[in-house]
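Just below sit the structures, each encoded as structure tokens.
Two complexes follow with chain A in common, the first pairing it with chain B and the second with chain C.
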Partner chain A sequence: MGRLFAVEIIYRGIFQKTLAKNISRGIVLAAHQAGKPGISFGRYSDSPERNGIPAKSFAIVGTDQETLERGMAKYEPKEVDITITVDDTLCKGVESWAWYGLQPVNKLLKQGGTLIVTSRETPEALISMAHRKEYPYQLCIVKGTVSFSGLWVYKDDHSDVRILGTIARILPELFTLDSLKKVIQDEWHDAVKVSSAERAYERFTSTTVRPNQGNPETPYKFDLPKWHEMGEGVAIPSIPTGKQIEDPGTHAMGGYRPDRNPTFKKFSTRTMRPVVDFDTCIKCTLCWLQCPDTCFDVTPDGLYDANMQACCGCGVCEAVCPVPNCVTMINETEFRDNSSQWEAWKKDKSGYKTWLQQKIESRPERSHGFRYRGQYKEQIPEMLEIAREG
Partner chain B sequence: MATYVNIEPTQNLEPFKGVKKLPLEEYFTSGHRTCQGCESALVMKMMVKAAGPRTIVLGSTGCMYVANTTYYSTSWVVPWMHTQLGSSGSAALGTAAGLKALMRKGKIKNEPINVIAFCGDGGGADMGLGAISATLTHPDYNCLILMYDNESYANTDIQLSGSTPWGANTTFSTPGPAKRIMHHRWKKNMAGMMAAGHPTCRYVATICMSYGLHGMNSIRKALTIGGPTFIHSLDPCPKGWDYDPIQSHELGELAVNTGVWPLYEVEDGVLRLTGRTQQIADKRIPRQPVRDYLLRQGRFAHFTDDDIDYFQSKVDEMWHKWLIPGAIPFHKEIEADNPPA
Partner chain C sequence: MAQMVETLEQQHKTDETALITGSEAIAVACKLADVDVITAYPIRPYDTVMQYVSKLVSHGELDCEYIVAEGEHSQFEIVKHASAVGARVFCGSSGVGWMYAMEALTVTPALRIPMVAMVGNRALDDPGAFGVEHNDALTVRDLGWMLVWVDTAQEALDTALIAYRVAEDRRIFLPCAISCDGAFLTHSQALVKIPAQEKVNEFLPRYNRGDLLLHPDNPITVAPQVNEDWVMEIRRQNYAAMERTTAVIKEAYADFERIFGRSYGNPFFEEYMTEDADIVLMGMGTLSIPMKVAIRQMRKEGKKIGFVRLRWFRPFPAEALAKSLGRFKAVGVVDRDYSFGSPYMSGVVTHEVRTALYSAPGPKPPVLCFICGLGGREVTLPDITRMTESVYQAAEGKAQPLTQWIGLRE
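Moving on to the complex of A and B:
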């Protein structure tokens, strides 16, 4: 039997669907150049894809047809040579459906395999987000602002070809830089895209991640019934009604915390999270009322605490809040836990204020798709500059 | 006079007096697998907040079924059941009739229970039109049909529906170099059609949950008035409309303020413009240009200035030439229609 290559691309659903497709298709086309057959496909169970919710695309290549067919006899690969994540916040884990639980980003990576991440963060920051693995692997950062664009208008900032150039360097047995250059020219007819791939190839660096490095937590899991264990009529138990909350200081009960779906949490959907300034909040209710994900717990003192088990980071609460800087969306890379902001504020108000200020100042720009016509044209030059100069 | 119609009492839900007086309880909660910024999920949450705990919800296939029941888990607190794509009308009527029969036979406690069947624009205005229409002609069953309109068959990845706006990019109407506008039909006027065509239906309304209190009070009115009722909600959808989800709330406001989405209710045959639409009609606030709405969405990114002007002219026509502005597209004279080449 020949050699089988497997690459997975983890991306944020519709927002990065075209990007992921360009990468996995590019891999297969480049491998084809040297006569290797391959298949690029999206994971069926992720469909229908939603904005933000993690999805996977795979590129499987064999040195010959029979090897490829054997590799394809599985529903999805059990191990991969390269994992690509086109958004760094996915390093915290991947949760695509209720039956997966939270999966470490590096779960399928072979020993010595490479995790490629698009990010402006340092290797240390990314390593601390990803769960520990029992054996070493390589981390390679493709420097840049994470690329998001919707279903109809693609932001062509060369993230796709820069990642492809990186793969040519990591795994030349899969495809060479020359094969890749030819594919990019044939597909896009764009010499600048070809040079972006070359630059990424030349500038490649990677870090070894050792078994004692990374997030030591056990990712959260649960057991769901098998199909033959399900109730009559496939009836699903409903969610109980919510309960009051205890004030950590006075121990008074009040407010309301809705019960939530225990098996599908949405924190791995999030690329940003809201932080709330409880000192300036005027209790207008709008964030609570307009949140499509019912994230806000109502506290006994009438404030609204965005619950980080549930928040998917849409930003609607920031958009509706009438008080300037009262709700601010912050890059998810700035956080390491999902604890209650209101409880932290209750325990130490001035400490909370300092923490809040730090978060707001470190606020890196992120955007998640089309806001107005012409916006991508304004954003792309910065990325092309990074592609050129590093 | 003999009574031919036998209507059971309803829950008599008084309007909510303001956002600060809303009940805290949630009956549709977190953990649904919808997109970030999904306004249809917000409609579900507010719909059952308005209806309260003694409510049964039926839902036809679409995002609000598939995303809200991901592998043996759910976000529903109240009882909910899936029904076929075109069947929200039948499911509403059947459930209301079933409850009535069980109560008559003494098998369950005799009490008013809200029956709400929701459907998407595909499942409602296209595939389910016949069944919804039939239900609205049955005066003796209390049920509400709520159509959440994200302007496409969204769950199956954005195919165009009879409710997709003119010219929008969908999987079935992708603009290309030879032909820019691939969707030439104007959006179906579903609420107007339901109101005009069903004299026994006592309440029809349009809502948009960017105006949450207004929307919830429409739902409470529909459930209180009795008989079969219909509500049409317009829901910004970041996946299909192609925009950054932080804009979800604002796009709903823009749909109303540009006059693209008029808010009104028809109660016992009397039409009333409501909310911001009423203020625009009274000239208390200006009607914003549709450009402000269109340029914020990737699905209209291929529009030229001519296309935007045409869209504007059709919206102006709806406001100035329709016999009842925004609601019923009857004209007093024939209008020329000149879409851009």
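Moving on to the complex of A and C:
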């Protein structure tokens, strides 16, 4: 039997679909240059592909056809040589279907395999987000702003070829830089893209992540019931109605917190989260009314606290808030926990204000893909500069 | 006044006889079953049921929500939801109307909704035609619907009551479609014994949705999206429910006989003059009338022919039918349907019969398919004679075409 290579690309549904497809196609085509057969496929049912929901693409390559078929006979690879995460906020984990809970980003990674992440963060920041593994693996950062675009519009900022160049360096047995260069030229007819791949290859650095590094939480585990143990009629128990909230200072009960899905926490469905300035809030209710995920808890003092168990990071609250800078969307990489902002504010108002200002000032810009005409024209030169200079 | 009350009470206890159509018989069954929600959308020949139901409602004889939807899809969706919140429901359609409701028909068994529907069988368009073909109802044959064909207005009424009893049984909770041949049954009046309300009440308990009741006091979410980790288990549950239908149908017919004093014998198929038969013809629906007439005539000529009328197509009585058909030298199945490109280009019923025989332990007589009576064309006595001759040839071991079109201008 020959050798089987498997690469997984974890991406944000819709926003990064073309990017993921470009990478997995590039892998297969480059491997094919050296006579290795392969397939590239999207596991669309990993989630109904919706805006921002984590989804996966895979590239499987064998040294010969029979070896490839050994890999194809599985619904998806059970272990991979390389996991690519084209959005660094996904390092916190992957939540695609409600009952799976939060699953580690590096779950399928083999011992000694490499996690490639597109990010402007430091290795330390990303390592602390990802779950611990029992064995060491490599972390490789492809430096740059996370590339988001739409389903029909693609932001060609060279993220695809830069990641492919990185793979050629990590796993030359899969494909060489020369093979890759030829494929890029054939596919895109773009000499600048070829040079972006080359530079990524040259500037490659990686960090070893040791078993004692990373998020120490035990990933969510579940058992699937047998057919006769399941309820009939495709009916499941509903989420119960909500309860009042306790004020951490006075211990008075009041307000309303809807009960939420005990498994599906939406922690990694968002790439941004709102932070709320409770001192300037005028209690107009608009954020609470407009939130499509009912994420705002009503506090006993009539404020609205975005609950991170339910927030998808859509930004509607920021858009509808009539008070300047009262609700501000911040890149999810800025946060390490999901605790209540309102409780923090109740306990220490000036401390909270400092924390809030610091988050707002340090927020790296993010957007959900294509927002306005001309947006890519503004963003692409910056990314190409990074591709050129590192 | 006292006298009038007494008369009403008496009425509740005694059967009446009325001259009604098959469609009207179904409407009367809705009244007797005290159906809560009925939805409708006109298409011939099913629309006759609508007319009778609306009369019953306007005369104050039937107290139900009667909703005329804007199309068949909505029509079936409305009763699906009504059933989920605990209402006894009735619905129906014909031909392409049934097809337009297809998406709703698909989700109904998966959600374990005990909907009872009447299909006034009609040829699918194109060409636009009103006559009977069975392809409309047969389209749902793989989806978890119980399917039953009747041949008289009396049987239509009785079977509708039995359908509620079986569908709403907690062990089943599957929809049931009663097929009535367009024109031949939906539009012809016959004398029908209408059972007393008291008997119906004894036979048919109230619908109890139980643990699956969609209600604020029983908060459940119905039909969430799932992936490949769940679909097989959900399908397997429907398989189990369908597996249980045979026993529950038997129970219902036995109780029907006990309470109403009338018997259908074997619930699943009717045998006519088969005791000493050499060969049999087989079919569903009102085909039975010309068949029986022809058989009586041919019997006078000394031919030992019988007829088997299949009632329940789903669940298909494979074992019992194979055992019965194994007694004969050859079988001719009359298909009022088609299945283009299927094995030997035969009709749907033929395929089921052949499959039932193939895996049965007993003898396997040859099975010929006769595609006949499409679009409501009359099945004539010469047609039946021709089919019989071919089945006799097959019985004698002479090769016959496996599929023959009968009554075709050629």
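Convention: the second predicted complex is superposed on the first by the 378 of 390 C-alpha atoms of A that agree within 3 Å, B and C clash if a C-alpha of one lies under 4 Å from a C-alpha of the other, contacts with A are read in each partner's own complex, and residues count from 1 in each chain.
Assume a contact is a pair of C-beta atoms (placed from the backbone, for glycine too) under 8 Å apart; a residue touches a chain by one contact, two chains touch by 3 or more.
What you see is a predicted model, and the numbers here were worked out from it, not measured in a lab.
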Worksheet item: What is the contact status of A:C295 with respect to chain B (first) and chain C (second): first, second, both, or neither?
Response: first
Discussion item. After the superposition on A, what does A:S238 contact: first (chain B), second (chain C), both or neither?
Written reply: both
Discussion item. Is A:R50 touching anything from chain B or chain C once the two structures are fitted on A? First, second, both or neither.
Written reply: first
Discussion item. Of the two partners chain B and chain C, which one touches more residues belonging to chain A?
Written reply: B
Discussion item. For A:H251 in the superposed arrangement: first (chain B), second (chain C), both or neither?
Written reply: neither
Practice prompt. Kindly classify A:K377 by the partners it touches after superposition: chain B alone (first), chain C alone (second), both, or neither?
Written response: neither
Fill in: First (chain B), second (chain C), both or neither touched by A:L151
first
Worksheet item: After superposition on the shared chain, which partner residues are touched by A:L224: those of chain B (first), chain C (second), both, or neither?
Response: both
Worksheet item: Looking at the overlay, does A:H189 come into contact with chain B only (first), chain C only (second), both, or neither?
Response: neither
Worksheet item: Which parts of chain A are in contact with chain B and also with chain C?
Response: 48, 97-98, 224-225, 230, 234, 236, 238-240
Worksheet item: Where on chain C does chain A make contact in their complex?
Response: 110-113, 173, 211-212, 219-230, 232-234, 236-237, 240-241
Fill in: Complex contact set, residues of chain A against chain C
45-46, 48, 75, 97-98, 224-228, 230-240
Worksheet item: Which of the residues in chain A end up touching chain B in this complex?
Response: 13-14, 47-53, 97-99, 149-153, 224-225, 230, 234, 236, 238-242, 255-256, 258-266, 269, 283-286, 289-295, 298, 307, 309-310, 312-316, 318-320, 329, 367-373
Worksheet, complete the sentence: Listed in rising order, chain B residues that touch chain A in their complex are 19-20, 22, 24-39, 41-42, 45-46, 53, 63, 66-67, 69-80, 155-158, 169, 209-210, 212, 238-240, 242-250, 295-299, 301
